[in-house]
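The first chain written gets the first letter, and so on, giving A, B and C; residue counts start at 1 in each chain.
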C-alpha cells in the first residue's frame, strides 16, 4: 500500500494578468483561477500509481481559501484526501518559504512513500520548489520522467537526462517532478466532480504546522519583488542580413542561443 | 436572484471544455467532411465522463447534475462538435429523461442503466415523412396483439438513428386518437434502420429513417399508458428544447469567439478591422444575442429544476437561441470574408450546423405558436 | 525549522562573485558559464571583491586554460571520475563547503539542467534567496534596502511580465541565468588566475540513485507536432517535393519535427499529418522556423504560441514576417542547403 502525496497550486490564467499602470502592482482580478498545468500531470501520475500499485493519494495545496477548488479538482480526478495549508501569514512567501511550509505540512500529515509535484508553475516560473522540497525533506528528486514502476521498496524510473536515456533505481521515499512530457492527464468525470464537492478538506494553519509569523510570508522570505513591468509581446522582426553565408551564421547563432544546437 | 455560476458549475464547464478540446476536437473536422460517426473508443471515453447520463441519479451511474449544469455540458461539447452535442442531448433529454420521469422501476432498471452508461444510445421519434409540425397526423400504428403491440410505420429524420439501440417511438395506439410512446429496441424483428441522411450540417450524427414492419413490442415496453403518449411527448420536448438551445448557444459562441479573435488580428487599411464600427457593432450585437440566449436557457432550466411549468420558457429559449445562432454564424462568416467561405476554417461549418436548430424539436414557427397560446391563455379566454 | 537570519546576516562580510563553471558533455565549458564569468567580472568591478570560478569534473584540469581566458581571480578545481556527470548529492555538498568557507556575496549559475538543480538546493541550505532564469542582473543602491544589492530580473506569469527582485538580507544572493543573456568578453591572454585544487573525499556509498542499466544514447523518438519542441515548417516557397524533403534532413540535425502549410500537403509533397493550420494542428514549440511560408492566416494563427519564430522567405512583404522574431529575406531552398552544409560541417554525423 503506497502512501502518495501530491502538491498542487492554484494559479491565475497568466494570459490575463495585468500590471496596474498607476503603481506597477499586479492585478489578478478577472484573471481567473485554475490548477497549474504541470500539477495536473502530477495528480495524474499519483492516481496512475495508486491504480497500478494500490495506495492512497493525499493532495496538498498552499494558498488562500479559494484554493480549495484545486483540491476538489484533484479529488474529482481520484485523490482520496485533501489538505489546504492556509493562513494569512503565509501570503507573499517566496519559493524557499513555500518549500518550508509544504514540507512541514506534509510532515504533520503523515509518512509518504512518494511525493509528486509539477516541474514549474505558470505564474512563478521558478521551477525551484521541487528541488527545495527535496532538501527540506531530505529525499532524492527525480525529473524528466518517462515511466515509473514501483518494485517493493524502490521505484524504477526511466528518464531522459541530458542526451541519455537512463533506467535508474531509487529507494523509497522519493520525490518526483512531472509535466506534460511524463503523461497525458485524465479529465474528471461529471459524477466525480459532483461528488468531490461533498468531500471534506482538512485545513492546516500556522498553528498546526508550527513556527511564528516571522518565519513566513514576506517577512520570512529572503527574496522580494521590488517592481513588475509588463512586456510587449510584439515580436521584434530582427532582420538577419548580409551574404548568404552571413545569414546562415546568424541563423545558427540564434538557434544555438536557444539551446537548439549545441555549441 | 444570483446569476453567477456556482463553483461546481464552473468546474463542470472547465472539465467539459477541456475534454471537448483534448479528446473531441481532433475528430470534428473529419466527421464533418466524411459524415462518419465518432469511433467507439471516443464514445467510451464520453461514457467515462458520464456524458450519457448527465442528470441521471448517481446510484444509477449518472452524474446527478442540475439543469443549468446540463446546459453547460451540451454547450461545451457543441462548441467543438455540434453533431456530438446533438447526439448527447437527444440521448439524455428526450430518451433517457422521459424513461426516468415516466417509466416503471422495471423499465428504469432494465433500460435506464444501459442508457446511462452509454452501453446503448437513445433516440426519440415522432416525425414521419408526412407528419412534421403536424405531429397529430402521424400514421405509425400500434395494434394490440395478445400481450404485446405490433408497430408498423415509418419514421423520418431520427437523430442517433444509425447508432441508437433504444428509441422512444410515438405511434397511434388502437382506435380513437390515442398516441402511445413505445420503447423500441434495436434487434427487435421487423425494426430496421433505413436510409442515413446526407445533411448540410450536423454531419457525423447518423440521422436516419426508421422502418417498423410489424415489430412486436412487449407490453412492458409501453412508456406510461396509451392515453399518455401525447403528454409524454410534449413534456419530453420541453426538456429537449433546453438542450437544443444549449447546442445552438455552443455553436454561436464558437463562431462569435472566432470572429472576435480574427477581428483583432486581421489588419486592413492600416489597423485591425475590429477598430471599424462596422465590425465592432456586429460583434456587440452577436454578444448581446448570445448572452440573452444564455440566460433564457438558464431561466427555463431553473424552472424545470424547481418542478415548475416551463413549456413556454423552454420554447422561448429554443426560439431565441436558434435564431441567434444563425444570425451570429452569418455575421461571423461575413467578418471572416473570403476566409470564412473556405473549408480550411471551421466558420462555414458552424454556419451549416446552426441552421437545423431552427427546425428540429419543433420549428421556430411552432415555438411561436406555443408562446402565443400561452400569452392568450394568460390574458383572456382562448 | 528556522527562517533565514534576517537580523544577524552581517551582509558586509560576504564578498565577491562565485560562478558555477559547468562542463558540458565532457568536452568543453558550457557557453553560459563563460558568459557568467564575464558578467561576474563586471559585477565585481562595481562591488569590489574577487571573481572565483568553480570547476568540477573528470580531468577538470584540461579546462583550466579555457576558464582562465575569461579572467576569474581564482579557480577552484576538483577532478574525479565521480564528477563526470552532474550529481544531485555530490555537487551540492561540495559547493556548500566552498560557499561556507569563502562566503561570496553573489553566486551565479547557468540555467542549465545541472545549474537549475544545484542552485535551489544551495539556496535552501543557506536559507537564502534564489532568482531563477534571470534575464538581467545589475547592482543597485536602494535607500530602503541597502547599498550594492544585486537586482535580478526575470520573466513571470508565463513571460507576460518582468519581475525585479532583490535579496537584501540573506547571503549569498543567488541567480540562475538564461544562456545568451550576457555576452561573453573577448577571451584574454589568461594567465592571471590562481588555481586552487580541491580534494575529492566524498563517501560515494551514500548516493541514493543507482543505475540499473547502462544509459543509452538517446535517439530522439518522433513526437506528434503538438508536442514537438522544434518545428521546421515548409510552404509554397519550397518549390518541389525534393526540395521540401531537405526539411527532413534539417530537422533531424536540430532535433525537430517537420510541419507544412496546406500547399505541400495538397501537392503531395508530404502527408496530411504534417499540416499546421486551423484545421490541422496547433503547436507550441520553443522554436518554429518557417521556410518559404508566406503566412496565411490559417497557418499563422496556429503558430503564435511558439516561443521563437524565424521566417525565411524571398518575399520581403510576406505577412509571416509581421509575427516573426527573426526575418531572413532569402530563397528558402537555397538557404536550407547552405544551412545543412554548415551544420554538418560543425557537427559531422556520427558524433
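We take it that a residue touches a chain if its C-beta (ideal position, glycine included) is under 8 Å from a C-beta of that chain, and two chains touch if they have at least 3 such contacts.
Remember, predicted model here, so these are calculated numbers, not experimental data.
*Asks:* Quick check: which two chains are joined by the most contacting C-beta pairs?
*Replies:* Max contact pairs: A-C.
*Asks:* Computing the C-alpha centre of each chain, which chain sits at the greatest distance from chain A?
*Replies:* When every chain centre is compared against chain A, the largest gap points to B.
*Asks:* For which chain is the distance between its Cα centroid and the global protein Cα centroid smallest?
*Replies:* That would be chain A.
*Asks:* State, to the nearest whole Å, the distance from the C-alpha centre of chain A to the C-alpha centre of chain B.
*Replies:* 40
*Asks:* Mind checking the centre-to-centre distance between chain B and chain C? Centres are C-alpha means, answer in whole Å.
*Replies:* 53
*Asks:* Take the average of all CA coordinates in chain A, do the same for chain C, and state the distance between these two points in whole angstrom.
*Replies:* 21
*Asks:* In their shared complex, at which residues does chain B touch chain C?
*Replies:* 29, 261-262, 265-266, 339, 343-346
*Asks:* Please output the residues of chain A touching chain C within their complex, sorted ascending.
*Replies:* 12, 14-15, 17, 19, 26, 94-97, 99-100, 103-104, 122-129, 131-132, 134-136, 140-143, 156, 160-171, 180-181, 211, 214-216, 219-231, 233, 235-241, 244-245, 247-252, 254-263
*Asks:* Provide the residue numbers of chain B that touch chain A in the complex, in ascending order.
*Replies:* Contacts found on chain B: 7-8, 11-12, 14-16, 18-19, 22-23, 48-51, 54, 58, 61-65, 69, 73.
*Asks:* Inside the complex, what are the residues of chain C that reach chain A?
*Replies:* 1-4, 6, 24-25, 28, 31, 85, 88-89, 113, 116-117, 119-121, 123-125, 127-133, 142, 145, 151, 154-170, 179-180, 208-213, 215-218, 227, 230, 253-256, 286-287, 289, 307-310, 312, 321-330, 334-335, 338-339, 342-343, 347
*Asks:* Under the touch definition given earlier, write down the residues of chain C that touch chain B in their complex.
*Replies:* For chain C paired with chain B, touching residues are 262, 277-279, 297-298, 301.
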